[in-house]
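Look for subunit A in each of the two complexes below; its partner is subunit B in the first and subunit C in the second.
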Partner chain A sequence: MPECFDHKKGFARMLEKLHLLGFAEGGRGMALLGAAGMTLILSVLGFALGTVFGALGASGGLSSKRVPKALASAYGTIFRGVPDLLTIYLFYYGGSVALTAIARSFGSGNFVGLPALVTGVIAIGIISGAYQAEVYRGAYLAVEPGQFDAAKALALSRTQILRLVIVPQLLRHAIPGLSNVWQLVLKDSALISVIGLVELMRQAQIAAGSTREPFLFYFAAAGLYFVIAGITGQVFRTAETRAARGIMHR
Partner chain B sequence: MTIRRMAALAAALTTLTFGNVAHAQNLPTEIKIATEGAYAPWNFTNANGELDGLEIELANDLCARMKIKCTIVAQDWDGLIPSLTVGKFDVIMAGMFITPKRLETIDFTRPYAVDPGGFAVAKDSELGKLGLSAERFDMSNEAVAAIGKLKPLLKGKIVGVQAATTMLDFVKKYFGDTVEIREYKTTEQHDLDLVAGRIDAIFAQQTALAATLSKPEFADYTIAGPGFVGGLFGMGTGAGLRKEDTKLKEMLNAAIDGAIADGTIKRISEKWVKTDVTPAK
Partner chain C sequence: MIDVGFFLEIIPQLLSGLPLTLKLAGTSILLGFVLALLLALAQQGEHRLVVWPIRTFVAIFRGTPLLVQIFMIYYGLGQFRISLQAIGLWGLFREPYWCAILALTLNTAAYGSEILRGAIKNVPRGLGEAAEALGMSRLLQLRLVVLPIAFRQAIPAYGNEIILMVKGTSLASIITLLEVTGIAQGLISQSYRAIEVFIAAGAIYLLLNLLIVRILTFLEVQLTPYRFRG
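Up next is the complex of A and B:
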């Protein structure tokens, strides 16, 4: 009777269904793992592209010239302020409408669109870039001013100062913030499911809707996200430790 | 960037086209059909990752009748209509009801299935005691009386409905003053909340409800009260397509007529949803 949901029995039932997560005939383990791989690819590429946008945004934000400063500020404000899902939709639908229009003007009547993965990487890159820009800007400001003076005193050129002195120290300050942005990217990647890319979230949804076993598959997806976040979090911690070698903690 | 590189880039971009899209007044020879792929038993993805279900089998049958090449792809529900209008595919077959609202944006073929909307509740609830009813009410006439009878049984209850669906429009319009409506992104989310006891009833297509209720966790739940068709639910479930693809619409309509006439739809629907959902005439 439905007065109380029998959790013990519910759990036992769930164990019986575990074969659905397996790799044998009828199991969806391989599909889920493949989708987790897609999530990882999407996140890594999106984060990497975000590094480029972030660096541009940070250098604009630190610039003393008015135009780059205004552009960087607008970029950061827009993409951190607009819901990520909206940004993704804009790129997916807006992008293909624009591309098709361009193709038409060249005389091709066919529909042109970027594959979902490319759209997803660009969307995540632009969103995470807006956050990364702030991380890099903060990290740059955290580098001791004396380092610039010392580098100048060694008669290093501007690019040498940046490449040899400032960026290595800047990255050290940036790692904890970047680790934060990475977790954000990982979760944003789930939003890419709306544009038809079969990553972990979409695969879990497909399996849940197809077998009518939502609990099992959403649990499995949560577990896989947890594993990805755990392993990649360790990468950032290792990087942080390595970057801090030889630094005296105040 | 050199001119040659730009040309290479442009060429690369044009090869990213999504296949041959059916043109307005040319007879299409190749189309792309989209489905949700997560709505068993209408359309779902099997363990091998292949699309399967009533609409997949029907789509293949219709394509064979039209003698054209079809590719079936899966797309998240929310993205189906926008993706159709921008041209990412040509036809939607995803348990989508033909409604006036949707007809503002896209066109539909004639219905290939009529699947009533209905409530699922706990067996021992007031509405649940009514039990499964085979009654069907057409919204265009006698349904208002039936709704009047259901209202006292549902007073103050929380009803889960999938957002952006005709089901939601129906519950809002006819039960909005009686029940508390909770919207869900997918049907399995309201199924879960029903079992969790967070909501008292769900309203969905009866065939989808039947599939959910066949699971052991739902042993204490039942479809209750009559099924509703017509009116807000439009004419039933049809294939969505762009308004300008009139030739494709004619072809699909002829194919659906054929599949109705020779009993194919009856056979396929009895196989997948255990009832005959063939539309009238």
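Up next is the complex of A and C:
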């Protein structure tokens, strides 16, 4: 339901309300910044977990064996094709059902739920892993075949070839794609607000509700997301430039 | 292990949300495409006063979560009820349906305009020049030469955007609209059978996406027959 405001509020009144964003008493500035920190923690952990799933997915997709290939393909198709919100509900409700069942088998009749942060990290990890798998797969294929031959000629073992020769070059190709996935993760993290984690979106909702200033707080949240996306995007661009040092541009 | 009865029970319920999902997706994709095309064309002129506001709009809508955009329009603009009533738009912003359509449309227009802008830019210059040499007007050049080529180049990228939009309609459930995801969430919280509901609702989305991919592939073959010959 849209909150109904009977009294008139124009932009002039809006400006008077700006102190609500401040850090003084009654201001929500600190709460918003703290929540932005939570958004960042959630996104970084989710992205990191996604790296693991992504690597698994990519190695499955590159495998010549049928079963890993099919599993990787199913993983990618499902979690890139189903709305992220639905996946979040799956882990939120599914996780607590599974935990409660486990608790019951230990004789506890209580309902057990996962902390919202853990659920959020798992959900974002699974979703971003599906996207990261595609990035890593493409990056692996972009490494020149000669590199494998050269590494073999040096009598490196399979793990050495991967660790010393392929992965460092693969990462260079992966950075632009990973940057896109990161932006996706950052925006997806807002959806974790629906399961009650007090990150930026949820904190904006709380502040909007208690001060009855939804426009101001959603605008502030949008601004903070924009700034976080901008700063972290710069990190990826720097990484890209650094990784490209000494590479001839064709 | 698999409870067929439960599936038979929930699938019709989930499907009852499909028309709303389709309406949200269809309307916003169509309106968004028109807007995206206009924005992409407006940026061809490279007039600073035109380009700068468009770039800002695109950056904002691509740089913030869709959920924030939906809340901003639904709850945020609700604060300006009196002003909206004065200009006769309150009827639109009062309805979660129209707020969702507006947010989805603006969001996809921002992403879409970048795709189309790139596609138009990538049309070889010589083709436009050749059309000009044939005495075609700017409009005719666009309609007969530049846009058909740009569109078919844009199909794969725009296809991804369309699928993202179909997924994006799920956020409408957060502002009370009972489309497929909204119904799925209700079913899960009633039955606590998250996996079954996820499979059933997920299958609906996957089939929908598959259908979209098929249609777009067909369109791509129709528009670039020479690539698929032989």
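The rule is short, and it goes like this: the second predicted complex is superposed on the first by the 241 of 250 C-alpha atoms of A that agree within 3 Å, B and C clash if a C-alpha of one lies under 4 Å from a C-alpha of the other, contacts with A are read in each partner's own complex, and residues count from 1 in each chain.
Convention: a residue touches a chain if its C-beta (ideal position, glycine included) is under 8 Å from a C-beta of that chain, and two chains touch if they have at least 3 such contacts.
All of these numbers come straight from a predicted model, not from anything done at the bench.
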Following superposition onto subunit A, is the placement of subunit B relative to subunit C best described as a clash or a fit? clash
Go through the superposed model and pick first if A:Pro83 touches only subunit B, second if only subunit C, both, or neither. second
Can A:Gln205 be said to touch subunit B (first), subunit C (second), both, or neither? both
Touching A:Lys187, do we find subunit B (first), subunit C (second), both, or neither? second
I'd like to know which partner A:Val97 touches here: subunit B for first, subunit C for second, both or neither. both
Does subunit B (first) or subunit C (second) touch A:Phe215, or do both, or does neither? both
Identify the partner contact of A:Phe53: answer first if only subunit B is touched, second if only subunit C is, both if each is, neither if none is. neither
Of the candidate stretches 74-82, 110-118, 128-136 or 146-154, which in subunit C collides with subunit B after aligning the structures? 74-82
Across the two complexes, what residues of subunit A are contacted by subunit B and by subunit C? 1-2, 5, 10, 89, 92-93, 97, 193-194, 205, 208, 212-215
In the complex formed with subunit A, which residues of subunit B make contact? 10, 13-14, 16-18, 20-21, 23, 36-40, 44-47, 49, 73-76, 78-79, 82-83, 86-88, 122-124, 186-189, 191-192, 195-197, 211-212, 215-217, 220-221
Applying the document's contact rule, which stretches of subunit C touch subunit A when the two form their complex? 59-60, 63-69, 71-72, 74-83, 93-94, 163, 167-171, 173-174, 176, 181, 184-185, 188-189, 192-195, 198, 201-202, 205-206, 209
Subunit B contact footprint on subunit A (complex, rising order): 1-2, 5, 10, 13, 20, 25-28, 31, 89, 92-93, 96-97, 99-100, 103, 106, 108-115, 193-196, 198, 202, 205-215
Along subunit A, where are the residues that touch subunit C in the complex? 1-5, 8-10, 77-78, 81-87, 89-90, 92-94, 97, 186-191, 193-194, 201, 204-205, 208, 212-215, 218-219, 221-222, 225-226, 229-230
